[in-house]
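Pasting in a structure now, in structure tokens, and then I'll have a few things to ask.
The first chain written gets the first letter, and so on, giving A, B, C and D; residue counts start at 1 in each chain.
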Amino acid sequence: MIHFDTDYMEGAHPLVMQRLVETNLEQTAGYGCDAYCAEARQLVAKALGIEYTGSADGYQIHFLAGGTQTNSTMIDALLRQHEGVMAAESAHINVHESGAIEATGHKVLVLPSRNGKVNASDVESYINEFYADETYEHMVAPGMLYISYPTEYGTLYSKTELENLHDVCSKVGIPLYIDGARLGYGLACDECDITLQDLPSLCDVFYIGGTKVGALFGECAVARPGLLSHLFPLIKQHGALMAKGRLLGIQFGTLFTDGLYLKIARHAVDMAMKLKKGFTDNGFQLFLDSPTNQQFFVLPNETMDRLAKTCSFEIWGTRGKTHTTVRFVTSWATTEESVDILLKEIEKEHEQTN
Amino acid sequence: MIHFDTDYMEGAHPLVMQRLVETNLEQTAGYGCDAYCAEARQLVAKALGIEYTGSADGYQIHFLAGGTQTNSTMIDALLRQHEGVMAAESAHINVHESGAIEATGHKVLVLPSRNGKVNASDVESYINEFYADETYEHMVAPGMLYISYPTEYGTLYSKTELENLHDVCSKVGIPLYIDGARLGYGLACDECDITLQDLPSLCDVFYIGGTKVGALFGECAVARPGLLSHLFPLIKQHGALMAKGRLLGIQFGTLFTDGLYLKIARHAVDMAMKLKKGFTDNGFQLFLDSPTNQQFFVLPNETMDRLAKTCSFEIWGTRGKTHTTVRFVTSWATTEESVDILLKEIEKEHEQTN
Amino acid sequence: MIHFDTDYMEGAHPLVMQRLVETNLEQTAGYGCDAYCAEARQLVAKALGIEYTGSADGYQIHFLAGGTQTNSTMIDALLRQHEGVMAAESAHINVHESGAIEATGHKVLVLPSRNGKVNASDVESYINEFYADETYEHMVAPGMLYISYPTEYGTLYSKTELENLHDVCSKVGIPLYIDGARLGYGLACDECDITLQDLPSLCDVFYIGGTKVGALFGECAVARPGLLSHLFPLIKQHGALMAKGRLLGIQFGTLFTDGLYLKIARHAVDMAMKLKKGFTDNGFQLFLDSPTNQQFFVLPNETMDRLAKTCSFEIWGTRGKTHTTVRFVTSWATTEESVDILLKEIEKEHEQTN
Amino acid sequence: MIHFDTDYMEGAHPLVMQRLVETNLEQTAGYGCDAYCAEARQLVAKALGIEYTGSADGYQIHFLAGGTQTNSTMIDALLRQHEGVMAAESAHINVHESGAIEATGHKVLVLPSRNGKVNASDVESYINEFYADETYEHMVAPGMLYISYPTEYGTLYSKTELENLHDVCSKVGIPLYIDGARLGYGLACDECDITLQDLPSLCDVFYIGGTKVGALFGECAVARPGLLSHLFPLIKQHGALMAKGRLLGIQFGTLFTDGLYLKIARHAVDMAMKLKKGFTDNGFQLFLDSPTNQQFFVLPNETMDRLAKTCSFEIWGTRGKTHTTVRFVTSWATTEESVDILLKEIEKEHEQTN
């Protein structure tokens, strides 16, 4: 059985594992205060084209244990108590984090969205209508905007769309936060018109996802100068601190050496494109057109049932009585062989149904 | 430089690393719903002498990301909103968790303690005095008792002491929770009069520490039947959930195969005893008599300064103008060679000062 | 200027004020442990047709400081940490409580609604779809249903609708909670087909609103036997406790003597009906048909502007370029004279526009 | 039976009640946005010798529902998530608020204290030791200092002591907060060497207690310019907002007209001094020497039992086997007649025991 359920089904990229093994018996200080973390912060800063000095006034770069931990820590750090976070209805923080955001006391303020994306004019309207309401102090104030890049539907914002979102946020003085759990898979795809170096100026806080892109676990959060302070105890409070912090430094250090991060992400995208072409060439319908490692199709139920004998994938929702929307996900670890096996099944389906 | 600062300065036991490497490219489901976690739960259950069926009515066994995460998750799960957790002043949750317990809304109720230990009659008095106060509904109710085994001072409770604490708790219907961050180092030492099999009946909830005892990270929490339910979303809310949950299963599975957990813990204790003997044989004074892997000494300041050139350790507090209390910690990874180097320095000190 | 903005613009019913003055210099215990509260609880119990013994096993009757405090206390008491509260999008807890529910850690789960009402089949679908999703443990579980009676749009549920909602909730074992901030105005109107005595069996927890129905402040929360315990410290934590608790007892005692509560509510409804008839007889359009003390009209903007010179009311929303939806609210204190002045203006408008 | 249990056993001062009755049927806007609140804020500002303009940059003056609500709102507003509040062990927030502070996520950091008072050098030591600890980011940072004036033991800080505390706080940039639940009873007593006008410069935030000093309920919180913003939604979240906010404005407006607040507080202090003199003249022992409306005595148990037949008071603690510490509290409403009755009993006791 081959698995296309999601992109965190394997361990870490072999080079990451190798570095973990090589350094395993070294003794270092805990909680990220070690040379590996220091080096990794510099490597990340270099890739982002920013300067990292470690000063409280400069860019903040922190390694955290996982995606939900990063979201709950950073969002709680960014918001004041009377504020909530605006997000698409499909946003991970609104759906799949077991209420971790609300557990820190903050409401998720749902924006209209399409294929996982929100747009600047809707954000602006939301904010304007909020402050136009005389009773707004009885309501939860929009304190920041959360978007994911790529979105939960695998879609991307264009650079212009991101600039517009950031402009709207800046105008009212609230931060734009980008959840980059799958950031690599966005940056590595053809449709993407931004680079790592663009990110620091396109938003106020973002994180570079490791768990889904080559690491065993871990995310790297970056905040612009002057925005956040005293993050360390918050990271600990929210369960995002690793005792052996170097594990995160070693992993990110490896991923940001010789462009490994984007290289392995590109492989996942290539596999996703091959898979997509296989489905569409054989007459199967896209649910939406994703340029990244998550692919959504609308399949006849019998086709779905037969494919399920060879490989696993995620059921996304029913589509009338005869069809179902499904998600196939590739990762840095997906082999071309696995994709070929799947494509062969799809061809068989094509023949059978025609 | 050799480090005796603490017991989480190295990675994982080589056998643990080996298993992580061997399984690295396998595909499994996330969040602990995989075969490695299932197997590890059985191995842990066997070592504890309990039956684990996976049923909501039976024992609960969960793998969590780290110690603070485990404490904050389990304590929040055990307490009702009007309740707090009784603990020694030196308890990790009272001192070193950045307020993670209070962040979940609960007060730490400080008990009198000695060398990190609380005793049953103080607990009973606390509870009795609480309910004797007519205004008790205006105060935070004692909802559970937290102890650590070994304590933050490396000391141990005897089996009788544990039974007495459990009796007091049971009498008023509140759970006894044991923080076992260093559990192995307690169970493996000569003074210890309990076994892994005793734990399930000596308390209501406890966790077996992995981060400090052979794992890269991770703890295994065990709750008696009928006490807790719906832990999964709480684990996620509190930042204790790993996406690649199998990493925890693989680690605990390895640690609980062929008695590895206690075997490597025993090594740390042996090293600690050798180190202790070295200090005392050379005329240095114990701060308190710990049978486990943490050793506390009162050193003349010049001795301390000279030792600091060879090795690192933790300053625990000043002791008048001429002496300082220091902590030396061994771990499963401490080599006899390192201890010998340190002991040689101590002998030199002895000669110098006599 | 006459005010129809809302129903908490005046103080208390004169009989309530009289009792507060009469008892003013008496000395009583604080926090609701006085004879006035005890008597009031009995009077409320009698009106509800239930027995109140004060036992922890029986009905719970508590007096709390205000509506938001009551909602945040009771909802937090009813939910477990991984649960949220289902409610209509327009629900007071979802819109106008400054995030007080989320501040206690819980998500408001928005249900489809119409004129402020939710229906049983939507609730059932929500719950079924939740548990049908394999990843439901990553989502916030529906832990209770919140409805308001009357709703924020002045509309009412029929007895059958309430029974259906309660059945759906009971089937999955979650409580139905009724926010009765304006309960009197619902029970006193012609369309209403339930009585105070029906309430205890129609839901699990509800509160009888005082602030908007004759009291200076205060609500009376009632929970069915066996559902909640240890409410006192929670009431204090959530800011809902009054030091001079007797103030609440005296007020509710007066309101529940000689049927005062429903009598004064009926007056508000009579005034609302007269006002509604005046608007519709003169050709103005209802926004929706409310049988209670809140009336919603769609007015031409010029009419609205001219009326605003005589009286105040709430702007509910724009209705195209030429019209606006407005809300007029009556209360126990609204005088017939005020309504007549308003109606005279409306007649003038009618003549002017025809 | 005469009651000396506490100072919130009666309603409001008759002049306050009279104003509530006179204004009862007026219509005003809710939530403190009315002319009575506006006027009361000016009267309070005048009494404090400060200017109140309503600007976000100037002094903040808010009326809140009660003492616990005020503490939980203001402390949560003043602290960042990683900070706690330093306070005496006997502080109301540490003992008698049902965990309301922790419920907002903050730890109470206990300072050494004597008769309810903390001193500047202990505060300074606490802060210095905190930052001297290398692991301080794992601990809860001292984010503000809470004191009560008068304290829970009826004692007062001298002006110099307050200045020293404020200096220590200012030096490290954290606010000093004064809980003035019984402020009037402090300011009105002979020992007091500060005035209302001194308060704004002696601390950063304080509240003027109404519930215990002449109001039915309500406190007036004052914050120095530039310290706090967006308090309104926080006040609502913490249950401290009254829908009919004018009730607070009317009460404080009355209390701050013609010096009523201090006049009635002075009466309570006079009664307390008479009571104290009666006890000591008759040979009974002070537990501590309080200059305010709370008086503490050590009584032989038989004396205590006999007095309990005439009047009620609070048991503060046992004092060996034969004596008990008791608290007698007077208020603005205590009649000289009541005190005389009590004093007669004390004289009888004196005769009996000699």
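Here are a few things to note about the model shown:
Note that in this section a residue touches a chain if its C-beta (ideal position, glycine included) is under 8 Å from a C-beta of that chain, and two chains touch if they have at least 3 such contacts.
Everything quoted here is computed from the prediction, not taken from an experiment.
Centroid analysis (C-alpha atoms only) places D farthest from subunit A. Interface comparison, C-D against B-D: more C-beta pairs in contact at C-D.
Inter-chain centre distance (subunit C to subunit D, centres taken as mean C-alpha positions): 34 Å. For the pair subunit B and subunit D, the distance between mean C-alpha positions equals 42 Å. Contacts with at least two other chains are made by residues 81-82, 97-99, 103, 105, 137-138, 140, 232-234, 236-237 of subunit A. Subunit A contributes residues 2-3, 5-6, 8-12, 14, 17, 20-21, 23-30, 65-69, 72-73, 97-100, 103, 211-212, 216-217, 232-234, 236-244, 247, 333 to its touches with subunit B in the complex. On the subunit C side of its complex with subunit A, the touching residues are 81-82, 84, 95-99, 102-108, 110, 135, 137-140. Looking at the complex, you find that subunit B touches subunit C at residues 76-77, 80-82, 105, 137-138, 140-141, 230, 232-234, 236-237.
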